[in-house]
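Chain nomenclature is as follows: A, B and C, assigned in order of appearance, with residue numbering initiated at 1 for each chain independently.
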Amino acid sequence: MPFASIAKRLPTLDDIVVAHAALRQRRPLVQCLSNVVSANFMANVLLAAGASPAMVDNPEEAADFARVADAVLVNLGTPTSAQVEAMRMAVAAAVDAGRPWVLDPIGAGGLAWRGGIAAELLRLGPAVVRGNASEIIGLAGQGEGAPGFDSSDDPAAAVPAAVELLRHSLAVSASGAVDHLLGWVGDEFGSAVPRMLRIAGGSALLPRVTASGCALGALVAAYAAVSENAFIALAAAHVHFAVAAEAAERGSRGPGSFVPAFIDALDALDAEQIRRHGQLLPVLASI
Amino acid sequence: MPFASIAKRLPTLDDIVVAHAALRQRRPLVQCLSNVVSANFMANVLLAAGASPAMVDNPEEAADFARVADAVLVNLGTPTSAQVEAMRMAVAAAVDAGRPWVLDPIGAGGLAWRGGIAAELLRLGPAVVRGNASEIIGLAGQGEGAPGFDSSDDPAAAVPAAVELLRHSLAVSASGAVDHLLGWVGDEFGSAVPRMLRIAGGSALLPRVTASGCALGALVAAYAAVSENAFIALAAAHVHFAVAAEAAERGSRGPGSFVPAFIDALDALDAEQIRRHGQLLPVLASI
Amino acid sequence: MPFASIAKRLPTLDDIVVAHAALRQRRPLVQCLSNVVSANFMANVLLAAGASPAMVDNPEEAADFARVADAVLVNLGTPTSAQVEAMRMAVAAAVDAGRPWVLDPIGAGGLAWRGGIAAELLRLGPAVVRGNASEIIGLAGQGEGAPGFDSSDDPAAAVPAAVELLRHSLAVSASGAVDHLLGWVGDEFGSAVPRMLRIAGGSALLPRVTASGCALGALVAAYAAVSENAFIALAAAHVHFAVAAEAAERGSRGPGSFVPAFIDALDALDAEQIRRHGQLLPVLASI
């Protein structure tokens, strides 16, 4: 369980380059329990980035598959009762088999039913939680949440909620114009403290493409399967997205032409681009 | 309930420019109970046009969400029994909360089960019904309907059926090469009569993209949330689509490259384009 | 039931040109019982190639629709228990009505539940089985199957399994870098023997687009509705895909821009392109 180790320091661009090379080489199998809006885009994002997607989300197969997958993504975008049953089974199997799993609590906070499911799943210990600011705040029970699925909060406002969620996971992100990532980092005295890393860059067109957040959650799961720890996985996925989005915007005329350009850019990303365009903004103090 | 007011005259390009400005400014939250084919495209169309999509279609959440959404779309593309239950609940909640809702009776007429559901929902009073000619004819019980989902009838042939559907709604459209829109308009004696507006333009590539009709229905719902009345909302959505499709065709080599160009054009649409390229063909007599 | 006749010889480019003209002229209605990942892309592929898609996959409607559809596709990508029930009903109705149906056993071999369903459906006699090598091997019970959905086997390794599947169907393909197609061909003594045709060309970008195999299976069903026999239908769909993919790759910068270019190319394909770029590699001996 490499993902289970505590980070020794905040993730660096060197760590991300290593994680990216591992993704390309190992091509992890990512089981996605996802939604009807994102399924196709998410699979194409994973294929382009370098992973192998498998949308296995029925109760008859979800647990068996979680035992052979390299990582599991649970996304609450358009849950059915059968999918929720499958999510519970897949998470239990992933935990049992020592596989990392990622929770993407789409719409949590704004909707009571899925909010309860998200809170229940959270207690099972995801390696990573990824959401927008409103979802992170809602899942932590610190606000009412937005009625819609687009965040009405700034990621900076979600930091206290993210700290709260670290009681159940190794790393948490509130994605947005500047992504706010939090994770456990070992300090010099041998204990771990929450630390924060912000990631700038990206493109204003990205949130104008539906399911871009969902696809980012799936990429976090892919990186969790190949990274030294969960914090690096989370940072690598966000940087992969941000650098590709920046490149894609240059070749786009709007949110429509941005989509194929973004998939091309996810595919074309290399170590040099990560080093030149990755914008890590470490927060030196503990949170 | 602005959408519930009866139109005082046939919609004009001025009305549509006002509705478009309101869409961009208010960014209405549109709950879509839709289908697996259209979900992703529909969400991207709404985002590009200026609305906020939310695909909440399970029985556990549909009613709660309909109370906070600005408008609700019910689309019968690939219904499951759970979705149908959610549709009934969402419509009841929308009616109760005074929210406009739009019925898109995909495949009604050709398939008995969904035809019965569409007829049942129709009696609950949608603000607008949008379909292709075969669906409008089928829903009105005036024909056998087409076996497939592509219309085999000319929109002009659907006018008597559309008049029949006006018994249950404020406006009805039969989309096609020339869209036929019907709605209630107040006459000089203080009572309302059915009137017709045809909309030309668009692109022959649009019906060659799957779910383009579905996405148009969702855009009607978005405009219903911000327009002065249902007839304007219906006209505004059709003009937004037609003008954007015409612009997109110029940058396309076929139905594949048309898709990103169309999303870009939906996003880029402005008042000047509406005024220059919107082709309203009012029918002066009552129907 | 033209598709039910045994081929008199291996399919030729002339046969494929005839089948393609029939597809364009007759625009067959193809019922797809498919999955959340592929539904939109599959429908756009069918529309571009020249067919009329209808994703009718609920138990309430599947059988009725199979009686009016020109062909039925059963794809096990993300099955729910309700969809499986619908699949059984649609296949029974298609068999009863003499309609060709195609089995695409996505993930069979790697997952026990769907593997059992695929084996059960196989015994009902699909006109064609299409899969990647791992799925064909898994369905024939000749291997463990791959854990994921990307084939880990070469199509050549699936030939014995494909021969085994010919006990239940008229033609079988293992798609891959070089597609391996097998089907019954009448010999000079009046009995039928399994023969093989390989198809080269295509693009390495095609398997990097999710659901491209699923969409190919749907196109096989479309051709089965209009071709002289199942072997020609299978070959025509693979050649249509391969020639279009080759053309699309020339206009692409990666797997993202490949998608719209591929849809454009499926639409633009004509007889001359088939004759100039179709690469049939007949195997002269019986298998």
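Going forward, contacts are C-beta pairs under 8 Å (C-beta built on N, C-alpha and C of every residue); 3 or more make two chains touch, one makes a residue touch a chain.
Please read all numbers here as calculations on a predicted model, not as lab measurements.
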Rotation angle (°) superposing Cα atoms of chain A on chain B, nearest 5: 120
Same-residue or different-residue interface between chain A and chain C, half as cut-off: different
Separation of mean Cα positions, chain C and chain A [Å, integer]: 35
Where chain B touches two or more other chains at once, by residue number: 36, 39-40, 259-260
List the residues on chain A that touch chain B in their complex, please. 35-41, 77-81, 107, 111-114, 147-150, 208-211, 253-260
Under the stated contact criterion, what part of chain B meets chain A in this complex? 29, 36, 39-40, 43-44, 47-48, 52-58, 60-61, 64-65, 68-69, 82, 259-268
